[in-house]
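Order of writing sets the chain letters: A, B and C. Residues in each chain are counted from 1.
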Amino acid sequence: MADNNVSDVNADGMSVEDQKRRRFLTGITAGFGAVGVGVAVVPFVMTMSPSERAKNAGAPVQYDFSRIQEGQMVKVEWRGKPVVLLKRTSEMMAGLDAIKGSLADPDSVSSAQPSYAQNNQRADFGKPELLVMEGVCTHLGCSPVEKLAIGPDPQMGDDSQGGFFCPCHGSKFDLAGRVYKNVPATTNMAVPPYKFEGSVITIGEDDGRTA
Amino acid sequence: MAIHRHDNHKSANALMEWVDKRFPATKVWNEHLAEYMAAKNFNFWYFFGSLAILMLVVQIATGIFLTMHYKPDAELAFASVEYIMRDVPFGWLVRYLHAIGASMFFVVIYLHMFRGVIYGSHREPRELVWLIGCVIFVALMAEAFMGYLLPWGNMSYWGAQVILSLFDVIPFVGPALTEWIRGDFVISDATLNRFFAFHVILLPLILVALVFLHLVALHQVGSNNPDGIDIYDNVDDDGKPLDGVAFFPYIVIKDLIGVAAFLIVYLGVVFFWPDGGGVLLEKDNFAPANPLQTPPDIVPLWYFTPYYSILRASTTSLLFALQIITGVIVLWLWLRAKISLIAKVAFTGLAVCVFAGLVFGSGKAWGVILMAAAIVCFFLLPWLDRSPVLSVRYRSLPFKIALAFFLVAFFILGYLGMNAPTPGKTLLAQICTVVYFAFFALMPWFTSIGKTKPEPTRVTYEAH
Amino acid sequence: MKKLSVLLVTLISTVVIGSSAFAAGGHGAAVDEVHMNMSDKASLQNGAKLFVNYCLSCHSAEYSRYNRVAEDLDIPLWQLKENLMFTTEKEGDLMKTTMPAEDAKKWFGVTPPDLSLVARVRKPAWIYTYLRAFYQDESSPSGWNNSLFENVAMPHALYELQGVQRKVGKADLESHGPIDAHAASDAVGEQRVVGDTVFELQHPGKLSPAEFDKAMADLTSFLSYMAEPAQLKRKTIGVYTIAFLIILMLLCIVLKAEYWRDVH
């Protein structure tokens, strides 16, 4: 009754061709099944990405910036974050160059901004005086307080050219959101994508433009 | 064993040795898979055990992802389900898999149970396997019932309302108990919240633990087979059954065919017929819960309908019929039964109590008792079945006829439970209720009469 | 055993067919079948336009988002903003009505129900019939009534399209046999049957009866789409999934045969 005993006629007693065929069939079925499992995992993983509700809440916001006076700052909410809109005066713009030496990343090399805002004023060339920036400290996510006045300031120092001061851990930024040397934060505050249509700015969308 | 002996990666072997000294990995693998012997004549009925485990895994996996988006709050629950159906990427798929999965789970479980009955898998020595399985069935019904409240549709609401009201009939404590379960005077946010806790934590834990016990008990006694004979009656010199094959890889690979075929049906429904013509997803449940308006077509989901029919069939006329049946049993006991006098007196005493209960009890209370009894009957099967053979293949004609009657009655009850009652339908339900209970009550008799066929000494199997 | 298996299969199929037919049928009000085609984007777009113009002023579709509708029905964003979005500015917003619920309750006696899921609660044929079964009735508070939904609080929102019709009486469906609704002309006084009721057109609307029926079929299609937006994708994914599983099953059958050659 040896032929009834499975273990005796298992892989041991099989010819090489038989073994090869069995290994091939096992491999192809296992591979096919693994592909199936892999694809089946995708929808489950996808359920955890932002939903339509989250996307809508994070949809671009629009603002008519002609309402902003020169030297005035407003905050607009985008994706639950404060976005700073600051129309800088010519004095403020001049101050940006004056303090370049005391900044950690003056050319925004290691900071987050669209390419059209990677410049001295960290703003689009079309409207260089308008600073559009996420008002979020790059240290631990607090919202820095604006210090727009030029001149001595208890937090910003005696020769302040205006800027932002983070109340949490004392990081200092200039009026282009660039971070000072020797503070906890190491990168400049982020600039979101934005675009203009007349006097309306759309924050959160730039149609993929680079300039 | 095939896996490890031929493993020529020395490092892998070393790793397994290291693990095996500390954890019985190879031992468990061998005992429960590679060297667990199952009969080689398993047919398609034997797919449903592994399919039940598959469904448990699917329900838990899909359930986890649903809880990430669902809100167990009466104000938000309905909207959160629609949020899943529309706003969550692939949320609709996960929700359909879960909701239809519940129905498929019951399809699989019912067929798995039926397999047990026809092949005598509930009989000695597998009584505990069967009993644990029955507890799983009850736990699964509780799990499904509580899960059905969560979408907070109008059917959810009223279904829970009706079923929880069943507890009202318990003497003295009923109404207080119902209130305690609801946590309110009506089904409310409190009820929803606790049902959520039970549905996603308590019952899944219980189910997983019970399934583990079910398998431990099964592996202690070994699997039955379609011939209902013990494969260890014929062993080779090593003590291995001649008609057995190793669970891994032989049965596992065979089960994969079952898994693929089942997934075709399951996913076919999910993708092409998700509401199952209004049976799997009921149309009234697409309206939010409304405590002021009972849905006109209120019925439970299909897997509860046979018992629900029995509940509804319990009217005065059914109780009257049961009184007559009780009387006839007592009469037969004294005139024909060949049992001792003490047993006769004891049974008569019991019958008198039941008779009094039928006369003085309400139809509502008896409905609940009968519905509960309909499920308790399953637990008693191992002891009600007296046939000398296990498998239906060798059983006597009376058993087959009785089983056919039971099946027809069960399906008619199930069908009637999905329909609004009419006098004619209620009468039919009452007849089927009597057939349902007669199947269990008369089982000791019809399984011991008639001529059984001789069991073979070896399992019936033809190699292809 | 074979006979028992046959019995089991017969019972399962009977109950599945019987119960789903029952559940789908529901209560036996006479309704007109509606032809819907979920891949007919033009029809769905027209339905969407009718919905926002005639329904959304009172009813919400508060689970549905404008941009999802636009994407699913191939409506360009600028068109969405110009033709469909009257209640909000953000394209990803939910389709909520501008009418405050309390006011609506004051005016109609009931808050108009949300319509996101109406096609899953009611059958499409019911909706199609209901929309065409409004008639003038001086005795009702709104001046309108509906032969499918007696004394409904809703007035005839689409009368400028359909015109005004008067109820003549119940149709004798058995002796007439199926009635071709599209055969009716738009002449005043022409009689036509909707559901189980005969109507007579008193003032024609902007659309002929045939055009109006087509418009209502479009609206019904849109409501059906909106009740389950996933249905457009669902079947496509399903075809690939099932095809994959069939191949997987065939592979498993071959693999099983290979391994079971060991078993004699």
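Quick note on the criterion: a contact is a pair of C-beta atoms (placed from the backbone, for glycine too) under 8 Å apart; a residue touches a chain by one contact, two chains touch by 3 or more.
Computed from a predicted structure; not experimentally measured.
Looking only at C-beta pairs that count as contacts, which pair of chains has more of them, B-C or A-B?
Output for the comparison: B-C.
Measuring between Cα centroids, which chain is at the maximum distance from subunit B?
It is A.
For subunit A and subunit C, what's the span in angstrom between their mean Cα positions?
Here the centre of subunit C sits 44 Å away from the centre of subunit A.
Averaged over CA atoms, how far is the centre of subunit B from the centre of subunit C? Could you give it in whole Å?
37
When the C-alpha atoms of subunit A and subunit B are each averaged to a single point, how far apart are the two points in Å?
Subunit A and subunit B have C-alpha centres separated by 52 Å.
Would you please write down the residue numbers of subunit C that are in contact with two or more other chains?
65, 68, 245, 248, 252, 255, 259, 262-264
In subunit B, which residues are in touch with two or more of the other chains?
Touching at least two other chains: 83, 86-87, 93, 245, 250, 256.
At least two partner chains per residue is the criterion; list those residues in subunit A.
Residues 4, 6, 10, 29, 33, 52.
Help me check something: in the complex, which residues belonging to subunit C touch subunit B?
Residues 1, 3-4, 7-8, 11-12, 14-16, 18-24, 26-27, 62-65, 68, 116-117, 120-123, 227-230, 234-235, 237-239, 241-242, 245-246, 248-249, 252-253, 255-257, 259-260, 262-264.
Per the contact definition, I'd like the list of subunit A residues that touch subunit C in the complex.
3-4, 6, 9-10, 21-22, 25-26, 28-29, 32-33, 36, 39, 52, 55-56, 59
Inside the complex, what are the residues of subunit B that reach subunit A?
Interface residues on the subunit B side: 1-2, 6, 61, 65, 68-69, 83, 86-91, 93-94, 236, 240, 242-246, 250, 256.
What residues on subunit A touch subunit B, complex-wise?
Of all residues in subunit A, those touching subunit B are 1, 4-7, 10-11, 29, 33, 42-44, 46-49, 51-53.
Considering the complex alone, what residue numbers of subunit B touch subunit C?
Touch residues, subunit B against subunit C: 40, 79, 82-83, 85-87, 92-93, 114, 118, 245, 249-250, 253-254, 256-257, 259-261, 263-264, 267-268, 270-272, 274-279, 282-284, 286-287, 296-297, 302, 392-393, 400, 403-404, 407-408, 411, 414-415, 418-419, 461, 463-464.
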